[in-house]
Structures are given as C-alpha cells and as structure tokens.
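Shared between the two complexes below is subunit A, which has subunit B as its partner in the first and subunit C in the second.
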Partner chain A sequence: MFLAFALITLLGALGMLLQKNIIVAGLFMVAAFFGVAGLFVLLANPVAAALQLIVYSGAIMVLVLFVIMMLSSHEEEAAEVGHPIQRWLSVLLALALAAGGVTLVLASKGVRQLAERGAAMPPAVTLQGVGATLFEGHVLGFEVAGLMLLAAMVGAVALTKRNL
Partner chain B sequence: MDTLASLLHMSPAVAWMVVKIVIVFSAVMILASVWTWVERRGSAMIQDRIGPNRAAIFGRIRIIGLQQLLADGIKFFFKEDLAPTDANKALFWLAPFLAFVPALMGFAVIPFGRSFTSGGHVYHLSVLDPGNGMGMLYPLAIGGLAVYGVLVAAWSSNNKWAILGGMRSSAAMVSYEIGMSLSVVALFMTTGGYDPSEIIAAQGHLPWHWNVVPHFLGFIVFFTCMFAETNRLPFDFAEGESEIVAGFNTEYGSMKFSLLALAEYAHLMTASALIATLYFGGWQVPFVANPTVALSITSFVLKLVFFAWVFVWIRWTLPRFRYDQLMHLGWKVMLPLSMVNLVFHAWRMSQGH
Partner chain C sequence: MTGMDAILHGGLQGYLVVALLLFAIGLAAVLLRRTLLMQFMGVELMLNAANVALLAFARFRGGDLQATVFYLFIIAVAACEAAVGLALIIGLYRHRDTTDSDRTASLKQ
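So, the complex of A and B:
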C-alpha cells in the first residue's frame, strides 16, 4: 500500500515537472496530492487526508486550472536565451534541500523513539482531536491566520472592485 | 456468512467486505441506469406527454418502456467511438472514468441499514465501517474530486463550448462547496461527532427530532448546493444546452457519453443518500424505535428514491438560472444563510441546549 501511494505521489510530481502542457501538469499535481492523501491515511491521520483532498485538490487546484483555462496560452514557452547555470544551481539547491530534510528526519525525536520502542500504530487522529488541539494549544496562531486571511480577502475585493 | 467465507478460502471480514461492495455498487449502478428512464418518463408526465414506451422485447413485451434502458445500452455500445482530431486523446479517454469513479466512491461511507450481530460478529451495513476516522469528510473530499471529470472532459475536447462549460462548472462547484461544508459543520457541532452512523443515531426515530427540523436553514442550503454539486438543473451550467451546445460533453458520443451521463445519475444517488442520512434520519424508521434490519434498509431506500425523484421533479419544474444569478445565489444568499445557521446553533449550544 505504501509503495503504491508513494509511487503515485512521486510519478505525479515528476510528471508535473516534465510536462510542457500546463493543464496536464496541473492534473499530474492532483495525482500527487491524491498520493499524499493516501500516505496520510496509512499514517493513521484520515482527517489530514480528507482535508488534503478537500482543500488542495477540491478547491485550490480547481481554481488554478480555472485561471489557466481563462488565459489563452496552455503551452509553456521555451526561454529565449538559455541559462545553463540556472539548471545546475537548481539541481544543487534541490540536492541540498533533500540532504537537509533527510538528516533532520533521521535526527528527529520520533525516529529515535521508533528505534527504541518499535512501531506501533498510533490511535487515529479524529476531527475532535484536531479541533481541541487548535483551540487549546494554538489559539493565537489560529486567530492570526484567520485575521490574515480576512485581510487578504478584503484586499482582493478592494483591488478588483473599482467602485465599492 | 462464515461457511460461505470458508468455501471461498477468505476470512469472514474480507468476504463480508466483498459482498457489501458488490451490493452497494451494483445497487447504485442499477438505480442510476433506471433513473435515466425515470427522468424521461417523469419529464413526460410533468409535461403531459407519454415518453419512451415503445422499446419491446421481440416486438411484444413492453414493461412500461423499461427496455429502453437495454436498447440505449446496446445502441451506445455499438456506436462508433470517435475522438476529435485536435483533442488530447489520452485525457479525452480518461475523462469519463474520472467522472464515474468518484461518483460511485462517494457512496462508500453511507450506512444503508442498521448494524446487526450474527455469530459473534458485528456486521455494519456500510462499505467503510463506522469509526474509520474519515466519516462525513469522505464524501466531501470525493465530491471535491468529482469536478475533475467535467473539467478534463471539457478541456481535452478542444472545443470552445466545452471549455466554457467546464469553466462554469468548476467555478460553480468551488463556490457552492463552501456553503455546503458550513451547513454540514453545524451538523457536526450539534451531533458531537462526524461519523454518519453517529449522526443517524443522534437523530432518533421521531421525525420531529430529525436534523431537518432544528437545521432547517442548513437543510435548504445543503439541498440547493447538492443541485450545483451534481450539475443538475436549475444549475446545470456545465451543459446548458440552450446556450453552449451541450457544454462539456459536446464532443462525446457512444459509450464515453453514456459513462458521463451515468456518472451524473450515480452522483444524484449519492446526493440523495447524503440528504437522507444527514437530515432525514438515514435508516431510522419513523415511530419504530428498534426496526428490524430489513425494515431499516427499506426505509433508507425509500428515502433515497424519494429524494432522487425530487431531483427529477425540480429539474422539470424550474427553468435554468442565468450564470450571474447562480454566482449571486451562491455567494450572497447561500453562504450567509449557512453562516447564520452555524452561528445560531453555536449560540444555542452555548446556552446549554
């Protein structure tokens, strides 16, 4: 199961990178999101999986594809002047990021605990648990995020609407 | 059950799962295909016509035209499978499946009868057992994926009417999903749980305790949003025959078109099942505290069929909205209404009800 979802995620991400057609690339990205949602279910976190599908595949990607469809050009244009240094720089940066991520995960508390105690399936995360955590431990962050979103929304309306 | 499982060399749990999947999916498929006929006969009834009643086996046996299904199926199978020259072939083939699979998957979490115990096992009558942690988030997530069928079909046809239909549909779905989710959130709050079986158990068997009474506003919002989600008239902007030819399925023919149409009806079945589960007590039988399993299944199916008929009824009663009216209704009426519903129930709960 893990391999299947991991493959879906990786192939989706690869397809998104290599595909020249923007809409097809977007659909590959949806496949990658779906794979990540499957991984969340395997990690006993069905709430995160559902939210991943609702928010990312169900809303954000639909809006992105909507905007792309509204614009006329669906093909990526080739750069007028090649910049080979950019390519090498990006490969280097990606490698550094991957190395950093792997070292951080291997050094984390969870992995050490896993080595000591062995893997036991934790109880599945519930919606009630997520809500309680948000409002007990992270009230400030939650409210600030809400305020930021409200500000962004007001800003978007003010920018696009000429006469309020 | 156990003997059957041992005969097939499966554990009873796996055998029960397979049986449930086969029952649920074949029931939804059969209902969906029957509903293509109900739609035509129903529209005929509403418009004072007769409708399709000529199809017959051996030119003789006509059961009020029910063979029309068979005739349509055979016809669609034998039609030539065309794809436009400039279409994106792979996506053009993929789109009907992208539409069809989520439409069937959404039903998996809905309990279609009460659980029962037999031989020491508890058997739950829903494909995903209660307590799976996804609960009502699952149909919302799958509903969010359903838009890709329309979107991919629209874009891959390389036809400007199709793209217009796809764009309209994606915009409508995203705007109506917010109001729908908020009205479901109010249900989670008053129930104290988000599993469909908890929601059904909390409603009890008395019709005036069903969620439709305390959550009447939420019900109106959810019901309206279901029309937008299933792309049914008065909100079928993805198709809009009088404006954009046939919208997203302009270029589709043969079995591919048939799959798209079946996906719409399978969606309709899931939507009616959701309405029955969330607001009308699911498998609860009115005034019967402890119904038998068969009675509870009958009650659920009756509710489902009734709401599926309401979808047909409304389609042939109301004219199609204009596109700006749809957006206006979604953002300026449905969203505030569901927010009022949410705040009202939060206030009532804070008062200790």
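So, the complex of A and C:
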C-alpha cells in the first residue's frame, strides 16, 4: 500500500515537472495530492487526509485551474534568453539535495531508533482529539489564522479588482 | 526494519525519502520552469513534502496530536498564499500580458 501511494505521489509530481501543457500539469498535481492524502491515511491520520483532499485537491487546485483557464496561453512561452548553465546547475542542485538527503536519512542512527521505537501503529487521529488539542492550547493561533485568511481574502480582491 | 526494507514497506525512512524526493521535484519545478503558475505549483509541492515529513514523525512518536494541529495551521497559511499568489499572477498578466518569470524580472513598467 505504502509503495503504491508513494509511487502515485512521486510520479504525479514528476509528470507535473515534465509536462509542457499547464492544464495537464495541474491535473498531475491533483494526482500527487491524492497520493499524499493516501500516505496520510497510512500514517493513521484520516483527519489530515480529509483536510488534504478538501483544501488542496478541492480548493487550491480549483483556484489554480481557474486561473490557468483565465490566462490565454496554456503552453510555456519560448525562452527570451536561454540559461543553459543555470539550468544544468539547478538540475544538479536538486539531484544533489535528493541524493544527499536520502543518504543522510538511511545512515542516521536516530531515525532508525525512532522508527523502531514507534513501529507499533498508534490509535488513529480523531477529529475530536484534534479539536480538543486545538482549543486547549492554540486558541490564539486559531483566531490569528482566521484573521489571516480574512486579510488574504481582502488582499486577493484588492489585487485583482481593476478599479476599486 | 532497516535500509531498503523500511523504504519498501513504509517505515519512517520510507516516508522521509518520499518527502525528500517530493521536495527535490518541487525545487526543480521552481528552478527549471519559467511559467509563474508552474513555479507556484512547485512551491505547493515543497510545502506538501514538509507536511509528509511532519506527520510521519508524529506517527512514529506515538500519534502526536500537536502535529495535526500544526498541519491545520500550515494549510491555512497555504490557502492564504495560494489566494494572494494567484491574485498577483492575474494582476501581472493584466499589466504585462505574460506569466513568464524571465520577462517580468523588472518591477518597473
């Protein structure tokens, strides 16, 4: 199961990276988000999986696809000036980061100990538990998050409206 | 479980490797693609990679609920970022008629 969801996630992300058409790339992105939601279910966290599907695959991707449809060209524009050296350097950087990180994770003793200590599956995260933790310890953060969403909403309207 | 076995059967290392590769792909999308929308989607991928790592650590620390609360805040910020970022892209497209980040390197009209 883990391998299936991991492959959906990574192949979706890779498809997004390599796809020329932005709409198809957006749909690949939805596949990657579904894969991540599956990983969250395997991590005994159905609450996060549901939030992932609702917020990312639902709201954010609909917003992105809506904006893509508003813009006229769906293909990447031809480069004004090519940056061959920078492009190769960035490929090298991403590969080095991935390879180095994977090596570190596999070699780390602490990660191995944590994996062995927590190998037993914990009880699944419930919405009730999350709500209790949220309102017992993070009420202020919750209110600030609401205020921030309001500010972002007003900001988005102000930025896109032609004449206020 | 150690090494390859953990990666194949969903040990902590497996989730961390998936998160790292997802982050690297997102970084490559930001660095290699020129369309602002594709770069934005790359940023979203990187944010998701961090979430996978966070919740993987939480599960292997005995199902810590704080992590899910943090995840809640992270997606609230991500939603704000998506709304404002896309509004900026639309505003830019109205002024310049392009979403190519190479062509919009200068803020001056």
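Basically, the second predicted complex is superposed on the first by the 124 of 164 C-alpha atoms of A that agree within 3 Å, B and C clash if a C-alpha of one lies under 4 Å from a C-alpha of the other, contacts with A are read in each partner's own complex, and residues count from 1 in each chain.
Quick note on the criterion: a residue touches a chain if its C-beta (ideal position, glycine included) is under 8 Å from a C-beta of that chain, and two chains touch if they have at least 3 such contacts.
Quick caveat, the model's predicted, so the values are computed rather than measured.
After overlaying the two complexes on the shared chain, residue contacts for A:A156 are found with subunit C alone; subunit B is out of touch. Within the superposed three-chain model, A:V105 lies in touch with subunit C and out of touch with subunit B [touch as defined at top].
Of the two partner chains placed by the overlay, subunit B and subunit C both lie in contact with A:L63. The partner that reaches more residues of subunit A, of the two candidates subunit B and subunit C, is C. Once the two complexes are overlaid on the shared chain, A:P46 sits against subunit B while remaining clear of subunit C. Once the two complexes are overlaid on the shared chain, A:L3 sits against subunit C while remaining clear of subunit B.
Of the two partner chains, subunit B and subunit C are each touched by A:V125. Of the two partner chains placed around the shared chain by superposition, subunit B is the only one that A:V24 touches, whereas subunit C remains out of contact.
Legend: residue contacts after superposition of the two complexes on their common chain; A:L11 is shown touching neither subunit B nor subunit C.
Of the residues of subunit A, those at positions 44, 47, 51, 59, 63, 70, 124-125 touch subunit B in one of the two structures and subunit C in the other. Chain contact summary for the complex, subunit A toward subunit B: residues 21, 23-24, 27, 30, 34, 37, 41, 44, 46-47, 49-51, 53-54, 57-59, 62-63, 65-66, 69-70, 124-128. By the touch rule above, subunit B contacts subunit A in their complex via residues 88, 91, 132-135, 137-138, 140-145, 147-148, 151-152, 155, 163, 166-167, 170-171, 173-174, 177, 181, 188, 193-194.
The part of subunit A that touches subunit C in the complex is made up of residues 1-3, 6, 9-10, 13-14, 16-17, 22, 25-26, 29, 32-33, 36, 39-40, 42-45, 47-48, 51-52, 55-56, 59-60, 63-64, 67-68, 70-71, 76-77, 79-81, 87, 90-91, 93-95, 97-98, 101-102, 105-106, 111-112, 114-119, 122-125, 129-130, 133-134, 137-138, 141, 145, 148-149, 151-153, 155-157, 159-160, 162.
Considering their complex, residues 1-3, 6, 8-18, 20-29, 31-35, 37-38, 40-42, 44-45, 48, 51-52, 55-63, 65-66, 68-69, 71-73, 75-84, 86-91, 93-94, 98-100, 102-103 of subunit C touch subunit A.
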